[in-house]
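Structures follow.
Below are two complexes that have subunit A in common, paired first with subunit B and then with subunit C.
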Partner chain A sequence: MAIDVRIFGPLRLDSGLKAISIDALEGQRRLRDILLELGSLKGLETLRAVATEGREEGAPFIILVDGKNCMLLQGLDTLVKDGQRISVFPPSGGG
Partner chain B sequence: MGFSEKIRVLHVDLSSGQIKRQELDDEVARKFIGGRGAGTYLLGTLLKGQEDAFSPENPLIFATGPLTGTAAPTGGRYMAICKSPLTNLVACSNSGGQFGAELKRTGTDLLLITGKASEPVYLLLEDEKTEIRPASHLWGRDTHFTTAAIKKELEMEGAKIACIGPAGENLVRFACIINDLHRAAGRSGVGAVMGSKNLKAVVVKGSSRPEAKDNELFMDVVKDRVKTLQENPVTGQGLPSLGTKVLDNIINEHGAYPTRNFQTGVFESTDEVCGEALVEKGYLKKNRGCYACPIKCARVTELPTGAKGEGPEYESGWALGAAVGVKDLIAITEANYLCNLLGLDTISCGLTLACAMELFEKGIIKREELQGGPALEFGSSEALVFYTQKMAYRDGFGKNLAEGSLRLAKSYNAPELAMAVKGQELPAYDPRGVQGQGLSYATSNRGGCHVRGYLIAPEVLGIPEKLDPQATEGKAHWVKVFQDLTAVIDSMGMCLFTSFALGAEDYLALLNAFTGRGYTLEEMMECGERIWNLERALNIRFGMSPESDTLPERLLKEPMPEGPQKGNTVRLSEMLPEYYKLRGWDENGIPSGETLKRLGLDQV
Partner chain C sequence: MEVRKIFSRQASLFGKRGQERLLNSTVCVVGLGGLGSVVCECLVRAGVGNLILMDFDRVSVSDLNRQILYSYRDIGKRKVDAASERLRSVFPEVKIRAVSKRLTKDSASFLRGDMVADCLDNFEARFFLDRLCRDKGLAFVHAGVEGLFGQVVTVLPEASRRLSDIYQGIGRSEKRPVALCPPVMVVGAVQALEILNFLLRGRAGLSFKDGLLFADLEHFSLDKIGLT
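Here is the complex of A and B:
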């Protein structure tokens, strides 16, 4: 088992990455650490800033854990478990 | 043309051929801003209430706002306003492109069209000159042919054209008006009302740019807000790069992407049809903007089949995709092109088909009724393209579809299968996953609609702040504020997408700099509230029962079957009473005499 990360929007186009499997290490990991790890990949560098600077001003990145916005969980300190799914979207709008 | 304090109305009566100019009182401009507000005010002075939407008495109003045609960012919007043949309520459909700005340049704020021409005609407005011209040779033609033929015929450089396709001529209840080939005043059947008047097109060509009361100040405010829009990650980056279709995955990952007529909120093939796929498959060629728009969210596309056009945008791609279970992006894009050519509203088209597909799935619509057409099966690309064509011509089973989902479902004694509010089909967010959006749908003045109060912004996108989409507490207040501010933005003549980056104070600065009216923030928001209450009062005059402030039974009673929203329904009863109270309406949803008096609407 692992943590399934889905990348969307311009982040997907910039990185060419759709889905990344992250090792869950001892069964769970902090969301912030996962973003830091993803931020080392080409095209996903902004995730490093999101992880270190926390919630940015204005429109936020949308980061879901099993469909629930992390801001309604424990934010970047949310513990993500083995088998869960993370969805990452840069600030977005439409309608 | 200089600065105009007054709202200038050009009235064309197609029955008599009379053309008149008039001005609305200064007070109307101050109280209703212009555009949506002033146009709806004018509608209210002309209709008693029981007139049929297709009768010559139903006026069709093209309404520009004070900022339409100016340098204000996205300041090119207009509204098409009339009584809707789909909902029998106020229809008020917004569109961008270049048409609205050009209409303003002719020196007209509101174009009022009444009566019915005895033969097909089109209208030509060239500055002060107005002409009713024959259009029998264009009747039956699609919107692209019509636009090209008129351009050739007039040889008028820079003329902008709004027209209807066969769907409008054939009184399809959700026919739209298409301007500048690819932009639509989409919803509530405004194109069918145009068709009922034998009016094929409106052509505008103007040479006078509107001037602000204080031009220097206005341009300073404009420059500053353009910069805000360009620097904002949503309006400066997200929307230009993927358009509105960036939402497919966001809403699907939230489990609120309505699939197969709202039977579930997760579409298993989203990856195949999403905005990212449109880029990855190479169909997206470039993006394009409307008049004075720094955002440029429109998609210029080309398919491997050689077909070219614009779109699909988020709503259209969803309605012709997940809503009908279709996962073939080529078929979805082709159906979208067809809707633009034939003049059909994509949302109502897709969701009416979805309703028919569920009726077919349940064995209620029988195969033999389809008159040789393909089976109405969810996921069928063939059925999607075939019936889109058929409904525009009211041909074969298309005749039943042309009535919209509610009339269709009622004819089979299954109204609960129409995913519509007040007779208008719902857009692309399942409210079981977004409670405030559910309240917004239930109370929208034009029925199922996402652009009367876009609660998706705070509840899903975190703009201007992140709300819990499953909380009901406080949502009534958010819905009211969004509805009122939206009425202001629409009435000014700007695009709602600016609100991803701009706040109420920004609109106030733009409005005051241009008009010199010196509104306070409270006064401006009260204008929004007034417009909202005016629409409500007119709807009640038109026969709306407040009991229709509800949602399809499925969304209130059937728990979401799977995905992140599994088990959820819309808890409307936790929000609606508070909403009525905040609005100053009685417990039955009727605006109190006191509220109407406070807003200066006691004569309505």
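Here is the complex of A and C:
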């Protein structure tokens, strides 16, 4: 029972982590709780801040749940199920 | 014709028919900064015969660390003019429509061709380009770069998932992005290759219509992030 989390960009640089497997507990967990757990790891504190302050909008990175922006789901209240994948990446704006 | 020998080293890859197809293709490149420079350079050296270049800006000295179409002597020139001059010096037969305008509703009529390259430098303008491409039935390849990271994704006109969906909620940075040549060249080259594959093989040639390429030149990795 696991949720696969892929980390890209500066968060990978800061944490040294590329992929993390999170326990799905009862088969599903709220995205907010997953971010809180991830945010306890060194280099991923920003995820905790996003979860506690509820500011998924305006964050410097995009959170995808199975390839869909969490903002198009239920934001931090999105239920992530066992076997689903979360991807966190910072879109680059420069040209 | 002697000038066509420019493409002799790629003949076995593209074939005569493919090369003709590129010569008859039109790509509209919106934004002639770092990415736009690399995309244009790659497309013209591959033999794309028609370009529409759109940028309202002029060349400044701080562009020269990464915008490979320009040289010190071009400072102050309109980017579309300096770029056209450079590209014609590589392949004299290339036909270029230079549009020195900002992308607006009024200038949107210049947006046409077989494919559009989004080489803009901010998300607001990109989302506007996305809407225009959807309305005009144009496919576009988007790319962005910042520091040692960048991404590429292709958006087809009929796609329900737009660029603004992928990047929904992204914060607006007040800082000017860090910009240096190697990441710009890598990401721009991938963007150009995606365009060439589309011109040569149609939708079957596209690699990033269902996934976003994330380039990480800190760790030297290219990952495809699936999109739904």
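One rule holds for everything that comes next: the second predicted complex is superposed on the first by the 84 of 95 C-alpha atoms of A that agree within 3 Å, B and C clash if a C-alpha of one lies under 4 Å from a C-alpha of the other, contacts with A are read in each partner's own complex, and residues count from 1 in each chain.
Basically, a residue touches a chain if its C-beta (ideal position, glycine included) is under 8 Å from a C-beta of that chain, and two chains touch if they have at least 3 such contacts.
Keep in mind it's a predicted model, so treat the numbers as computed, not measured.
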| item | value |
| --- | --- |
| First, second, both or neither for A:91, with subunit B first and subunit C second | both |
| First (subunit B), second (subunit C), both or neither touched by A:69 | both |
| Partner chain in contact with A:43 - subunit B first, subunit C second, else both or neither | neither |
| Common ground on subunit A, meaning residues reached by subunit C in one complex and by subunit B in the other | 6, 8-10, 12-13, 58-60, 62, 64, 66-69, 71-72, 87, 89-95 |
| Subunit B contact footprint on subunit A (complex, rising order) | 6, 8-10, 12-13, 18, 58-60, 62, 64, 66-69, 71-72, 87, 89-95 |
| In the complex with subunit C, residue positions of subunit A that touch it | 6, 8-10, 12-13, 56-60, 62, 64, 66-69, 71-72, 85, 87, 89-95 |
| Complex interface listing, subunit B residues touching subunit A | 232-235, 237-239, 241-247, 249-250, 253-255, 271, 275-276, 279-280, 297, 313-315, 450-451, 454, 456-457, 460-463, 466, 468, 496-497, 500-501, 563-565 |
| Footprint of subunit A on subunit C - complex, ascending | 31, 33-36, 119-123, 143-147, 149-151, 165-173, 177-179, 211-212, 214, 216, 218-219, 223, 225-228 |
